[in-house]
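Sending over a structure as structure tokens; questions will come in a sec.
Chain naming follows the written order as A, B and C, and within any one chain the residues start at number 1.
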Amino acid sequence: MSHQDSAIQTAEEHGHSLQMGESNFAGPDRPTWELYATCVHCGLCLNHCPTYRVLGMEMDSPRGRIYQVLQVDAGRLPIAESFVTHIDRCLDCRACESACPSGVQYGHIVERARAQIEQHYQRPWLARQIRSFFYRHVLGDRKRLSQIATLLRFYQRSGLQSLAQHCGALKLIGMAELDRLQPRVDDRFFFEQFGQVFPASGERRARVAFHAGCIASVAFSALNEATVRVLTKNGIEVCVPAGQNCCGALQAHAGFRDEARALARQNIAAMLDDRFDAVVTNAAGCGSTLKEYGDLLREDGQCSDAERFAEKVKDVTEFLSSIGLRPPERQMKLKATYQDPCHLAHGQRIRNPPRELLRAVGIELEEMPHSDQCCGSAGSYNVTQNELSMKILDAKMNDVSSTSAELVVTANVGCMLQLRAGMDRAGLNLPVKHVIEVLDECY
Amino acid sequence: MSSGISIRHDIVPQLEQLLGPEAVFVSDLQRYSIDGVLPTAVARPGSAEQIPALLKIANEQNWTVVSFGGGTRQQVGQTIERIDIVLSTERLDKIENYDPGDLTIAVQSGARVDSVSTACAQHRQLLALEAPAGATIGGALAANESGPLRAGFGAPRDFCIGVNFVTGDGVKGRGGGRVVKNVAGYDLMKLMIGSFGTLGVIVSANFKLFPLAQQTATFITEFDSVAQAIQVRDWLLRSPLAPISAELINPTASEYLTNRAPRDPDSWAPEAPSQQKKRWMLALRFAGSDRLLARCRKELAFASPRDLTEAEQMAFWRAVAGFEATAIERHRNGMIFHVSAPLAESQNVIEAAQGAATDYNFVASTIARVTVGTLVIAFLPLAVDPPGATQFASAASHFRSRLSRGASAVVMRCPLEAKPQFDLWGSTPSDIALMRKIKRAFDPNNILNRGRFLVE
Amino acid sequence: MFSFGIASKLKKIVGRDSVLDRAEDLMLYEYDGSLARGMPNFVVFPQNTEQVSAIMKLACSEQLSVIPRGAGTGLSGGAIARRGGIVLSLARMNRILEIDVANLRATVQPGVVNLDLSAALAPQGFYFAPDPSSQKACTIGGNVAENSGGPHTLVSGVTVNHVTGIEVVLPDGRIAQLGSKSANAAGYDLPGVFVGSEGTFGIATAITVKICRLPESVATLLSIYDDVQDAANTVVALTTEGITPAAIEMLDGWTLRAVEAYVHAGYPLDSAAVLLIELEGLREAVDEQAEIVSAVCRRAGAREVRRAKDENERQLLWKGRKTAFGAIGRVSPSYYVQDGVIPRTRVPETLRKIEEVGKKHSLTIGNIFHAGDGNLHPLILFDARDEQQTRRTLEAGREILEFCISVGGSITGEHGVGMEKQDLMSSLFSDSELEVMARLRKCFNPDSVLNPQKLLPSIRTCRETVMPGHASLDAPVASGAELR
């Protein structure tokens, strides 16, 4: 209304060059008016946003990011350094979606904004090369991922890593934090299990396709194996379809939506099958993306398949809790605290199932404050926005240490890595485990 | 700012012209004398509309004005050297609007607090304003009166929802309105409450009412020391119990809650506490159903309280509310403090008063509103070797020096001859410079209660 | 227009990363929770009182206005820079300075989030009573500025009833103390008059509030009606019965359906209105009153009265209420929320009037009430891309508030006047009454350095010049999504 005019007048009066005009968005994957106009800028999201809590500025809040998207669409703000900085800083944790009374689909908005950035913004040369290599040529390519993982394994095992750590070389080049965050590469990759079927023990209660994930298959094979064991011990037949691929989450979050779409199509083709009662994943980030294939492929003909597929996707905790655990062989008498992975709590609205499973094996849960706030891992965020990520992590560690828990449990590999790095930083000595690892110890 | 060029012989004819002769009095002025100072004239406007005009002229002519309700607090503050006009609100005594369904009432400032309360009680509703007998609505607000019910219902700032007033230069001001929730405009109620008539003349006010309790119970517990009593108070503050009154009464104060006929005021002496078996008394009053009261009784059982009967309750609380009046009635030379201090300081305040009183030949009688943090403390002179004028000042300064910076101790009454000896208002944690600015803005020529208040 | 000098002076005071002066950053501070817009020249993020004071001194000498801002959730445009200047964000002054259980007080910096204080108090069995619906985001500094209320103000009062001491920085940079931890302080009640001054008196840099015991028992009842008038009559009947619930909230049928779609709180979709009634206190009192309240509701025509079985169900019922405004965003791209107050007994006729206004302007109007204290929040739905409809919406809003005034009510119960309702102040207050208020403001803020052109209508404020059209809400709308 008039105030809007006055805003522009004010801007002009004071010599700012912000003019309304043509939208600066173009091409596919535009954030639409229908998406962002549901935001009534009430601000209820602010305090739930990890970056706002740390930085205290509107630009780094969900409301502010939506406003920036709106301004780009109104032609008042270019897709330039400032816009990119603040959109990049978003963890895409979607805690704001849980807080939002208007049901704003923030994740969809920010992913589209990132798609627009990829289309219209020239990042510096090196960043461009790395991002393109990583998102286009590594994650979705089993062979190349294996090669890189093997190299990394050599670095980790040959003594090079410890040499680098001890001589301070990493600190010197500012890589010490990043080094701490890298996963330990497995001796044997889970890719070897692709195409296998693991029969249910005892009476078969269900049959599922297991989505193993890309990085999880080279760095968390043990967790994947544990997942298979826990499922089969609970009477579930587990197939690991050979044609599956990376879920495309990291690509979609980074704005590489075409790459994500290609992967989505592969996964649907490999795993949408009436023989399976569900498609199960043990990674919250993957699950949340798999469940949103419908939105990803909206402009595709495959939309209805994608939606049917999405309905079948279940987080492993969600699935186990829905069919009920068989009585465990052992009880675990421990006091633990549970960190909600963002893409489970906010992305999939799953909060109780993991907690129920933990209680079912005898764990006493003590809630930490802000358990559903991001730990700062957020896919590749802890690498790309390391400094901010570490601030968020330190706050998380404060919350953890305010409990008397002997164990921290979560349900996503990215969170596990981050939390372990946090323990290191804070000098806490608590083990960090996946819900499935805890269950595995009880069967 | 002082008298200067006012033409005082004009006052009466001008007032008569303005208000009509029936509204201006020059006889029977004794009733309106304040600290022995007689006004030149008494104006008793019959309509609120006359007040702005009156104050406008007074402001122009530099006539000093004292607004006057029931006269129950006119002795507060420094003596006013010259009073040209007493503006009595006694004819502005109507209830302007009362719809029991809304639980609100609008009253003119000259209405007596007790008669408005009675009107509300007929609809089983409570006006939580407690004031000395005879006080008016306007006066009670100006003096920020409160009593034992403050624990349950708050102070005037909590239930006065609107106020109409006229500034010193005759401009009509208003804050709030007739609805219980309202943030339109500045909260001028807060400014008028407790301003002792220095910022404007209150013309009418609106209040939020409360449903009258079906029944109440009063429990009296006794203690040998103040520390024990405060311990129970601290327990109470953390318990789920919510008394509507919670008063800690020191052993000497309890003497003033009985109906013994006053002896000769000048020779009445409080009996020395040490010779008495009297103890510290914590009086708690609760409102609610039988089951609720039974629960309170159960929770308090550890302190083995005495339950007052219905008739005893009435008498007891009337006596508590009348403590100040009783004390003054028996000791014309008493000094009364109204103290407000952080809750954790209650015991310190009580002991500081005791100490300062003893040092200067007084006995301190204290009633502490212990869940609120306000106290009424009477420094009562011993008949043997009664204190001289400067001793009041010394006792007060000694007492105040032992309070924390957040506390206030205002002298509400002391002998006339002691008044010039010291600062009756004491220090305040609030910003004086701002108060002075506000005074100048609302009463530019300083005609209202000139010389009386803390900001002078 | 402004020299590089001011930015660098500000940076000297608060540090390089605590000043914004680029247009693309400043535009993020041109909005708050309301419909208003206005871009500042600078945004600063002070971390302590001394910095606030230094900023004020600088602003004074440079004749720049300063607009304090908390979380920017306000609904009346209080945090909007109407004519540029410095937005002073208190978001980084967010420390709880002291929790003093012995004195039943807490002292906080202004940027502390309302619910964060209650969360910090909970382990000791206490909470901060004012509970605006935005409490999970709004700051206590903002609550002080707006004198915020909430559903539970019916029994526990608004912010002013819970503030006893404030450290403020005045427009000239002087640091002043108003009140203390005591219940009252000798002299004028400065904290009392400061609360609700909407950032036009000074900047609160430390706030001492009362803390309250968490109630032993809470009962939440949902009373369901087939006729909205019966719901309105229940409110009056409860008063007559002598019961003061902790909260009485009302949602009309249209609103509760919109909310139910989001929250699944269990509001029956086919009803015409629900009352959410909360009782708190000792177990015994709550149980007894719950029965009386149920009986009163049924007598007044409720088709069903439910009591929340457990804390989860209670939270769910409240979630429906507390997120109601936002939930409307799912139904309509834009809405305009009003904040009128009427005497309780006038609720039935006011509802009829609102319906009439809606019909007259062909607008859907949902109703959410703090029914117990007569504070209504009609939500007028519109599509801001439709200029005609937008005009009708603003007109409807005005008609509703004018009706509130005509029955002895007020134009705002808790959202504040800000820049949204400035004009209506002249309908509510006479010229002389407004002049008295302007005098008071001058005592604190003589040159209107702080939050200019707010609260008092522009004609009252001789020192301020207003561009035509600014103060009115009837100018054409430029782009839809910027409105609700």
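By definition in this document, a residue touches a chain if its C-beta (ideal position, glycine included) is under 8 Å from a C-beta of that chain, and two chains touch if they have at least 3 such contacts.
Predicted, not measured: the structure shown is a model, and the values here were computed from it.
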- request: Name the chain with the Cα centroid closest to the overall protein Cα centroid.
  value: C
Selected interface, A-C versus B-C, where C-beta contact pairs are more numerous: B-C
Query: Per the centroid of Cα atoms for each chain, what is the distance between subunit A and subunit B, given in Å?
result: 64
Message: With centres defined as the mean C-alpha position, give me the subunit B-subunit C separation in Å.
response: 33
- line: For the pair subunit A and subunit C, the C-alpha centroid-to-centroid distance in angstrom is 36
Field: Of all residues in subunit B, the ones touching two or more other chains
entry: none
Query: Which of the residues in subunit B come into contact with subunit C in the complex?
result: 99-104, 124, 144, 154-155, 157-158, 167, 171-174, 177-191, 193-195, 199, 210-212, 214, 234, 237-242, 288-289, 291-292, 294-296, 340-345, 372-374, 405-410, 425-435, 437-438, 441-442, 454-455
Message: So in the complex, the part of subunit C that touches subunit A is made up of which residues?
response: 1-2, 20, 22-33, 35-39, 41, 45, 71-73, 77, 80-84, 89, 91-92, 94, 111, 113, 115-116, 119, 134, 136-138, 262, 323-330, 333-335, 390, 394, 419, 467, 469-470, 472-484
- prompt: Which subunit A residues qualify as touching subunit C in the complex?
  reply: 1-11, 13-18, 20, 33, 36-48, 56-59, 64, 67-68, 70-71, 74, 76-77, 80, 82-83, 99-104, 369
Statement: Note: in the complex, subunit C contacts subunit B through residues 100-105, 125, 146-147, 149, 153, 157-158, 160-161, 165, 170, 176-193, 195-197, 213, 215-216, 236, 239-240, 242-244, 281-285, 288, 341-345, 370, 373-375, 408-417, 421, 425, 428-430, 432-437, 439-444, 455-456
